[in-house]
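Multiple structures follow.
Okay, so subunit A shows up in both of these, paired with subunit B first and subunit C after.
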Partner chain A sequence: MSKQRVVFAWAALAPFLLLFTIFMVYPLIQSAFLSANQTYGPGTRTFVGFDNFTNLAEDPLFWKSIGNTILYAMGSLFIQLPLAFGLALALNSKKLRGRSFYRLIFFSPQLMGLVFVSILGALAFEKRAGLVNRGLAWITSNPALLEIDWLQSNIMATLILISLWLYVGFNMIYFLAALQNVDQSLIEAAEIDGAGAWGKLIHVIFPAVRPVATFVVLLSMIGSLQLFELPFVLLDGSGGPNNKGLTIVMYLYQNGFEIGDLGYASAIGWALAFMLIGLALIQIRMVRREELAK
Partner chain B sequence: MRIRTPNLKILSLHTILILLAIIVLFPFIWLIIASLKSQADFFSGMFVPPGDGLFGLGWDKLTLDNYKNLFELGFGNALINSVFYASASALFATLISAATGYVLAKSRFRGRSFITLIVLGALIIPPTLLIAPSYELLYSLGLLDSIWGLLLPTFAPAFGVFLFRQAVSQSVPDELIEAARIDGCSELTIFLVIVLPLVRPMIGAFMLITFLGMWNNFISPQIILQSESKQPLSVAIAQLRGVYRTDYGLLMAATVVSVAPVAALFLLLQKQFISGLTSGAVKG
Partner chain C sequence: MHSISVALISLRSLSAGIWVIVVLFLLSGIAVLYSVQPKTESIEMWVFSPEHQAMYLPMIESQSDDEKMKPRLSLMSIAAIKSRMMSGFFGGLPTADLIEVERATVGQAFMGPIEAIGFRDLTDRMDSEGLLELFNPPSLSPWSVQGRVFGLPHDVHPVMLAYRADLVEAAGIDLERVETWEEFFDALSPMMTDLDGNGINDRHAMSFWFTQPDNIELLLLQGGGHLFDAQSKPTLNLDLNAKLLATIVSWCVDPAEPVIDIDEFSAAGHQARIDGTAIAYLCPDWMCSIWKMHVPLIAGKMKLIPLPAFEKGGRRTSVRGGTMLGFPRTSENFETSWESAKLLYTSPEIARELYRAVDIITPVRSLWDDPVYDEPDPFFMNQRKGQMYIDLAPNIPIRTSSPYNTSAVLEIRDAAVNLAQWAKSNEVHQSKDLEEKAKELLDIAQQNIVRKMSRNAFTGVEN
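For the complex of A and B:
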């Protein structure tokens, strides 16, 4: 390579390398050191070795936050994704008019950022004043429903419902793209063999959309396990009554920025990172195994 | 029971889809209408309060007072901050990602595969892992409560480098670059005049992704910025709720102000993306 090209290459790389090293590589290395320390605010480290991790293993609140977060993730896995797939199937039917109109409407909640969705959700699920209770009371003509306490006692159900509204359309787009790539001749062949709607779904469509479905499941699990803004806003930064709505990242935030122990927060960060990377590895293995089986 | 008539099947499908569409749209309609209601009218009627106007509704009772109050509380400042942060982040992150992605895709030099590997590796690092150490780093750099502490880390996204590396490999032919070199173009000219226009769809898409990401980012500004004057909408609105918890109209007006600009931007650019992807793509 000519000298001018080498100079240009490094000059073009320099801003990225500099910023990436300072704000990505360095904090990543520091997070390992930090997790072996206790702090009282930034810049006050006391070495504690593996104590953060052994404390974490015995910390009931940490386990509670994991339980809550997994409950939420299961909500997206078993309620949201099947619904998204169902919608995609419905919108994939060629005879249906107004498909792009429906697609835009179902996708539209994605135009709102998570914090703003949280504010809207907090208002909509408010007792008496909120859209949800007033709607329910109006439909059933039962004013008692105005008093349903979504935000405190039923926080997990509320979180799952809001994320249903927010993400169903988003995941539907992926499924729709996958369905549009299903080989039509396979479906026709199945029809000739006398397969009903159910048979086509199980034997032709499911196997064909499986790679995309695996990707969507992984994406949705990674997002769900890092849930923060929604419960943080709905519960005003607390975990809610009996910490029913405490998630892993909320617990990390509370420890690092309310208590000031960045070391313990880093340990929580590593625990979460291992969960996420483990999840990704399991998914990759599943995809590989399927490819090998073929 | 299976419905045999195809028309009936489509009809019932429409019924279900329209019902779901109404459920999805209701919160938006409620949000916009209730943001125009005074506190006194908030509980009269779920949407537009009853009155003697068109459809027996009190359209004249709708007011912009909530919006006026909102801007008197200094919310306009947060709006300006959000526009500035999101634009600066989108512009620099895209420029730096494009330059880095181009070099990693087309230049052959020592260390290239090592850098590429690290960039790819960074993609699997969950951002939540970096929250605590980044805070400590910004503290020691004296960048807490500074807009640079918020912006600089967003200027070097590994994801952007990955995307532009892919885009350049796919849509910039080596022959074109070689031809330009033979014609005596400088390396900078080649990048600005030949490479960037060829990856224009990716520039548009990535700028939008980064803009939206920064606009909606909550945890970083919440942790890094302390002065009220520096806060973006995401933090300002959460604090507004802390103070004016039961002033529903005010909170709804704040949500509308926070969401309308990006929703408009997305709907506007959606068309440009599609035309950019179909017509703007020059085949090499």
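For the complex of A and C:
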């Protein structure tokens, strides 16, 4: 490569490198330093070595936030994604009339935005006057159901239900795109071989959408681990009674921006980063295994 | 030299669009760098309440001809004030010259070492000008750290019990004679009935629930309990706290359902107030104006009495909420701000307006004999509400300024939730039978808060 081209390449890269260094590399290094300090805002700090990490290991609230986040992630994985896939299957059927309308309806909560959905969710799940309890009491003719305390005693169930409303339609779009790319000749071949609906689903459709499904699972898991706005709005910034709605990012926020201990918050951030890296590695391994199997 | 010319040749090959972006980048950068901030002579004051703004504006206009003395008011939400204030404090950057801060948000400003507190220590100045004696002493406690005062109190916020007098009097019950909580619930027990025959009690003596942290704190303070001692060490697991917690949780698990969970600020809650679902409400002075604004249908149907005590002869009031006026250290206009603040916070006109507009009584004791507080209030059946609150003001409990107070209150709330669940699953309803479990749960709450505080290298307590 000529020297002129090398200089040009560096000149072209320079703006990116500058911004990347200022906004990515520097904060990363700074957060590593911060995690070894106790701070009160950025101005006041004292070096504590690995204390933040040892405190984290012994901090029941941190483990509670991890437990809550994993529970939510499991809810996403085992309820939200199968529902999204089921909806995509239904809306991919040519027999269904008004498919575009239904797609819009299921996707529409995404257009409103997370905070607005959270506020509506809080109103819908209100004790006594909320739409959910009113509906349940009306359907079952049991006024005792008006007293279901969603936002105090059943926080995780409420979070999962509201996120179903928000994300099922969103994930459905990915599955729908994948389903529309399934090779029709394979389906026809399976039909000729006598495969029923279930057989086609298991042996043709599932393998065909697997790469997209793997991606959606990873996206959903990462999104779940980063859960913040929904419980923050729903529980008014706290973790709710017994911290049943406290997530990892909420705990990070509380420590960093409410208490002002950016050091402890950085330690939580690093713990979260390692979890996300672990998940990404698992996904890379799964994709490689699939590629090798081909 | 050669490499420079190579670079220039390379740059020449860039498209026109890129050059437009580069030129715009440079121009806007230079414009931002050299833009002159409009410097104003006057001081700046942040407030979170539109009512406060409306009260201060005429006063500011009339107070002086000197523009420097007139604070420019900026109205913003509590959350916005908190984040802007803390960003300024953390970064040592200028904020406003005067900031009104609500109690729930001030804790963060007191979290670090005392020398890092972003507000100016006002103790000596207040002492030299006689302001320490001027204000109601318990109203200074939430704004004081290690005996030093960091803000002027805006209010007192004593608490009374408001009740639906129309319903109570129609039932032939006299609540004016009630002295204790036990007597209160006994007096109202005949009214707790299923009105529509659906098997669910439609009327309850009081709105309160074990999930309401502010009201739990209010009742603990009333009963003499506290969450921190004078040295700001946590005291959550006091025997007295356990006794009080057992008492208030017993109200919630009593099969007769004397209390009910009614939201204080939502439309659904206001409808329940109109329906008379709960007869009585814990009512700090500021709550009166919220009802007048949002639930006018109960006007002329309510009455106030001092809070029933936990024991005969016990405290008949408590306290909830509060605002202070702080002077950020970074402000260069302290003297002007101080004079202006004194005018706003000690003026009889503002105190009068504060009561007329939002029913809040002033913490300035010398103004308590103002005739405005003797005016009958038609919303409360012409009771002289102002004087009733003032009579209770000196007796409000002392509160802590600990930055961990919010966490401690939430820990107590969690203990209350767990105690109520335990009581329901074990069918235990008597407060005495709940005390041991309450103590056990408060021990856990104490450990949690100590663990949290011990992580703070600046103000930590020993584990």
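The rule is short, and it goes like this: the second predicted complex is superposed on the first by the 273 of 294 C-alpha atoms of A that agree within 3 Å, B and C clash if a C-alpha of one lies under 4 Å from a C-alpha of the other, contacts with A are read in each partner's own complex, and residues count from 1 in each chain.
By our rule, contacts are C-beta pairs under 8 Å (C-beta built on N, C-alpha and C of every residue); 3 or more make two chains touch, one makes a residue touch a chain.
On a predicted model such as this, the values are computed, not experimentally measured, just so you know.
With subunit A as the common reference, subunit B cannot sit beside subunit C without a clash.
Contacts of A:Ala84 after superposition on the shared chain: neither subunit B nor subunit C is touched.
Contact with both subunit B and subunit C is seen for A:Ala129 once the two complexes are overlaid on the shared chain. Judged by the touch definition given at the top, the superposed model places A:Ile259 against subunit C, while subunit B stays out of reach. When the shared chain is aligned, subunit B and subunit C each come close enough to touch A:Phe8. In the superposition on chain A, contact is made by A:Gly43 with both subunit B and subunit C.
More residues of subunit A are in touch with B than with the other of subunit B and subunit C. Residue contacts after overlaying the shared chain place A:Val209 against neither subunit B nor subunit C. In the superposition on chain A, A:Leu230 makes contact with neither subunit B nor subunit C.
Shared interface residues of subunit A, touching subunit B in one complex and subunit C in the other, are 4, 7-8, 42-43, 126, 128-129, 257.
Across the interface of their complex, subunit A is touched by residues 6, 10, 13-14, 16-17, 20-21, 23-28, 30-31, 42-43, 46, 96-97, 99-100, 102-104, 107-109, 115, 118-119, 122, 124-137, 139-140, 144, 152-153, 155-156, 158, 161, 186-188, 191, 212, 215-216, 218-219, 223, 233-234, 237-238, 241-242, 246, 248, 251-252, 254-255, 258-259, 262-263, 266-267 of subunit B.
Interface of subunit C with subunit A (complex): residues 3, 6-7, 9-11, 13, 83, 86, 89-92, 108, 111-113, 116, 198-200, 211, 261, 263, 266-268, 271-272, 403, 410, 413-414, 417-418, 448, 451, 455-458. The residues of subunit A lying in touch with subunit C in their complex are 3-4, 7-8, 11, 38, 40-44, 46, 48, 55, 59-61, 126-129, 143-144, 149, 152, 238, 241-243, 257-261, 264. Residue ranges on subunit A touching subunit B, taken from their complex, read 1, 4-10, 12-13, 15-20, 22-28, 30-31, 34, 39, 42-43, 87, 90-91, 93, 95-96, 98, 102, 105-106, 108-109, 111-116, 118-120, 122-124, 126, 128-129, 131, 134-135, 138, 165, 169, 222, 226, 228-229, 232-233, 236, 249, 252-253, 256-257, 262-263, 265-266, 269-270, 272-273, 276-277, 280.
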